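Next up is a structure, given as structure tokens.
We just call them A, B, C and D in the order they show up, numbering each chain from 1.
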Amino acid sequence: MRTDGPAAGRDRFVAAFQWMLLARTFEDKIAALYRAGKIVGGVYLGRGQEAFSAALGMQLSQENGDVFAGLIRDQAGRMAFGEPILDSARTYLGSVEGPMRGRDGNIHRGRPLRGMPAMISHLGAMVSVVNGMLVAKRFRGRTDVVGGAAIGDGGTSTGAFHEGLNQAAVEKLPLVIAVADNQFAYSTPTSHQYACEDLSDRAAGYGIRGYRIDGTDLETCLETFAEAIERARRGEGPQMVVGKLLRLAGHGEHDDARYIPDELKAKPHGGDCLLLAREQLLTKSWMSEDQLAALTAETQDKVEEAVARAQSEPDPNPFRESWHALATKHLAEGTPAAD
Amino acid sequence: MAITYLDAIREAQARALEEDENVYIYGQDVANFGGAFKATKGLSDRFPDRVIDAPISEDAIIGSAIGAAIEGMRPIVEMQFADFSSIGFNQIINQAATHFWRTGVPCPITIRLPSGGTEGSGPFHSQSMESIYAHYPGLIVMTPATVEDAYGMLLEAIRIDDPVIFCEHKLLYYHLKAEELPKVILPVGKARIARAGRHATVVACSAMVHEALRAARELAEDGWEIEVVDLRSAKPIDTDTILASVARTGRLLAVAESFPWGGLTSEIVSRVASEGFHLLDAPPQRLNSKDTPIPYHPNLWRVHRPTWQSIASATRNLIQL
Amino acid sequence: MRTDGPAAGRDRFVAAFQWMLLARTFEDKIAALYRAGKIVGGVYLGRGQEAFSAALGMQLSQENGDVFAGLIRDQAGRMAFGEPILDSARTYLGSVEGPMRGRDGNIHRGRPLRGMPAMISHLGAMVSVVNGMLVAKRFRGRTDVVGGAAIGDGGTSTGAFHEGLNQAAVEKLPLVIAVADNQFAYSTPTSHQYACEDLSDRAAGYGIRGYRIDGTDLETCLETFAEAIERARRGEGPQMVVGKLLRLAGHGEHDDARYIPDELKAKPHGGDCLLLAREQLLTKSWMSEDQLAALTAETQDKVEEAVARAQSEPDPNPFRESWHALATKHLAEGTPAAD
Amino acid sequence: MAITYLDAIREAQARALEEDENVYIYGQDVANFGGAFKATKGLSDRFPDRVIDAPISEDAIIGSAIGAAIEGMRPIVEMQFADFSSIGFNQIINQAATHFWRTGVPCPITIRLPSGGTEGSGPFHSQSMESIYAHYPGLIVMTPATVEDAYGMLLEAIRIDDPVIFCEHKLLYYHLKAEELPKVILPVGKARIARAGRHATVVACSAMVHEALRAARELAEDGWEIEVVDLRSAKPIDTDTILASVARTGRLLAVAESFPWGGLTSEIVSRVASEGFHLLDAPPQRLNSKDTPIPYHPNLWRVHRPTWQSIASATRNLIQL
């Protein structure tokens, strides 16, 4: 819900910036731990996508029952939506106290009952899951609940994405699909991914509203998602927001992304949304250098604290595991005899 | 009034819709049209908001049912044919099957698969996929062989907190009849002795139970008493009941309509060989379809799948081993 | 290749009409056999879609190496492309002499090495297969070979369709995709299938050219497909032709299609393309009533002959079957011991 | 110069590209980037037109490879992880697997699946899917365990006229080394005695062969001579070699990393029980992963899959049966 007036605009911007900074700081920490060999498995960063991600996550309302289905580069959006920093830290560090209890790791986390479905790796697969969550809400008379789902440029090539988006359109569900076109899918440039001019050209084909924005400009992201969420909530059906930006990291931290030419960083949509937002804060005098320094320090502390806590927690113990995959315990088969 | 296997499936859904407002049906042509096999006929009249036509999007159909299930709904998904679940495969095995284990939040969906061969259906409208789904942790796979079980197990499937793959056999839809719907049914997870015997045990499920029973009647004419075990669910398998039967008979033939490599029959034979080796008086045997796609032409199809004739002959061999 | 001039226009129209009539006559015969219990399995008719289907099939060139991937309602297109009538009759009747040798039936037939892939039932799955055939031709230096692929309104909702079309666009393949929007997918009206105004709205999202035509008007179909094929052949990439029409039969012959309201038949795109074309032939004096009567009789004879021949041929013999699914015979496993 | 399992896979592809202009590679990030695991590194420099990056469209990737194969090309498809082949499942089992049988036209595609668990990979980057694909008529499933086989079998896979599912184990990529590429290799379809023994037979494939060998060395310290059979291909299974081994040892343990229900181990155990019953001195046994998704955390993962420790302990039990 937008409250207009300059103060509201400032507050929203500052709040978003704080989530962006928290996400960036947290991910820098995780990347450092990864380099130090303290993280098992992959580490995938949202560097460069924080504005786009946070603008959606922040403007959805967990209290209202909204849904936010983040993918691998949505640290900012997840936090802004309401994922506790401890959930992230614990999952990356494999703590048994985390929401995935060491069974799943890194970005494969969630709390489905609090509007945060836990992504599976298969790209595109979460779109229809969010649809289903919205269908369930509608069955219970809630049509004012919005679901946000993230996807990348690469993910739009999946059949699951298409089926999911079309399904949402046919059912006129309050889905906001956020396409972060960061110009690459792993090493693959968009020229090998799609042949339209802009992915927002797809909206008409689903009969839904499309938006095409600079995903590095926080204010634009905030405004656009505010409108998209409002329209979805009002019953106007799915909204597709395509943000152009650039992945400012490797696909994962194992990848030096040599294949991304430096020129791209100088081109429009190639900038660092966090630096841009920081500049704007200063230009508009919404925050001073001192305030920013204090915020940075405070954010760093929050991250260190969460990571330290997660690191101190126990790893999962295989002898305490139930080793059954069913909720209906009595129907679970024993492990084979020889085992 | 005789009730068919198909009626039972419809009635179970009607009752579930009636008893629990979290239940809904989602699938292609399930609403007004009542489904390709009429398994949902009339239900959309009674529950107009809870029987919903889907686009031709098996992945999204199952994905959205999963999403709704996470939120506490109890969706019943009808695949038009079991064979088309191959499109929803990823959502079934990677999303639905892993959900409870990963998140602790149950995913109570029921996926109805019109399964098995019929004359002239060919390679893409005849498949039995219980062995594929049973391979995956986190799924329950039901394979009812009787009108009673079609009804009772489907009701149970909908109530269970886990994803259930419900394999209904198309060949049984119209021809299998009962006098009335059952009041009580055997719990899921328990096999049933469909015919008692002492010379050999034939384990089967779904339509193959009826082929096995007919083979048993045939052999009875020569004085052989064949015990037929109706598995009822492919996962879990009621190993205890099978072992108890083999303890009585000393001989095992496992029969299934699915492809020969690594499916239900190999699972049964290997369990009995591992856990009941000393009960066996003869090598345990298996019978499956042939290792080719399922043929269209009835001449070929009848030979491709196990029938009472091939079961009878395999059982005779077994008895003489 | 279009040769202009009024005679060429007439010849093309008449030729297409002949294929349409042949397809209709053949399918009427098959439907009659079905009702008489002489056909095992399903029977699916292209009634009402002959103009749209034939216009594509006829204007592709089998000799040139073009590909035509027909689906369940493409009897006309298949015949026009070059499928012998005997292939159809034999497959429906399960003759062992047919291309599928009784292993597969009805519309599941083809001769892949002659540009006619044999459809599997799973809708959407043939699009990428056609792409691959075109890729193979391109590897061999042939970029002037066009692939036509059919799909229905329902089929456009599949992930396979999306992945295939996007792949063709990215690879700039000479694919002509013919979307027969016959207003229903089995019993499901298009309102439950898509939410865009017209499926041609999807073309822009793939960066390809879209056409939106009256699929019941033969001349329009011929012109449009001629242009689309020419453009594809010229290297302009995939072309998407959406024809609006109405399925003038049940989904299959087991289905009385009670759910199709009569009004639809009176609406635009609801007409019978064969009757319309016939009228035009007479109006333009391209054929006389007598000629039409003669053609009809001749066509009927052709159909009867093919069906009679197929009926006289042997059914498959299970004891002659190899019962192995591999080309590499020595790697095929024997059937299980108990068998 | 030591050659790794991964090098062997790359070299086999290089040689195939060189020897046959019908060969090409298609998959995500396979061109310039050289693939997620670098299995195609450098190949696009040498064969720029025949190593092609694909969009994230597994269904279309496999579908188009099938189309090209029908036309006589010999595509090699790389799935980024075996687990993502679930999206291409329909094209694999219904299009590729049935094509030759239906039409008489071969479909020579090779689908490379980086398979199996590694530390921290979790439920969606660790799967072993050989049992799923082997179930389907019309597919050949290779599971090389050695550098030599990675090379030789991949070459053979590309040459074979049928669709081949080529399961490469990620755990072997970097650590398994050989001195040189093999000159001759055992034909596909033949298993290999990886270690001779006389007290028990352990049948395994892929990474499990090495766990089994280590278990065998462990047991050798106590004087037990364990025969290890490297299956090499999951379909076809070389039943003769297994039976011959069991004839020598009288005891069988089948080991696989895939899920327990109905996979490779049940197929092996049930073949031996059916066809070699009288060779067995003890109940045949199996060892699989546990019946849950594959855990992320190393503590859990190490216990989830069979290891040399659990194989050694199962083999000790078996010997004492």
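As a convention for this text, contacts are C-beta pairs under 8 Å (C-beta built on N, C-alpha and C of every residue); 3 or more make two chains touch, one makes a residue touch a chain.
In this text the structure is predicted, and so the values were computed from the model without any measurement.
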Greatest separation from chain C - chain, by CA centre: A
Distance from chain D to chain A - Cα centre to Cα centre, in angstrom: 36
Centroid spacing, where centroids are CA-atom means, of chain A and chain C in whole angstrom: 44
Between chain D and chain C, distance of the C-alpha-averaged centres to the nearest whole Å: 40
Shared interface positions of chain C, touching two or more other chains: 100, 103-104, 108, 120-122, 124, 157-160, 163, 166, 170, 192-194, 325, 332-333, 336-338
Sites on chain B at which at least two other chains make contact: 54-55, 57, 59-60, 83, 86-87, 90, 94, 97-98, 101-102, 123-124, 137-138, 235, 261, 274-275, 285-286, 290-293
Topology of the chain contact graph, where touching chains are joined (line, ring, star, complete, other): complete
In the complex, chain A residues that touch chain B: 99-101, 103-104, 108, 110-113, 117-118, 120-122, 125-137, 139, 159-160, 163-164, 166-167, 170, 325-328, 330-333, 336-338
Contact footprint of chain B on chain C as seen in their complex: 39-42, 94, 100, 102-106, 108, 120-124, 154-155, 157-160, 185-188, 192-194, 259, 315-318, 321, 323-325, 332-333, 335-339
Chain B to chain A touching residues, read off their complex: 21-22, 24, 49-50, 54-55, 57-73, 75, 90-91, 94-95, 97-106, 108, 137-138, 140, 160-162, 188-189, 235-237, 274-275
Contact footprint of chain A on chain C as seen in their complex: 124, 157-163, 166, 169-170, 172, 191-197, 199, 201-208, 237
Contacting residues of chain D [partner chain A, same complex]: 28-29, 32-33, 36, 53-57, 59-60, 83-84, 86-87, 119-125, 253, 260-261, 285-288, 290-293, 295-300, 302-304, 310, 314, 317-318
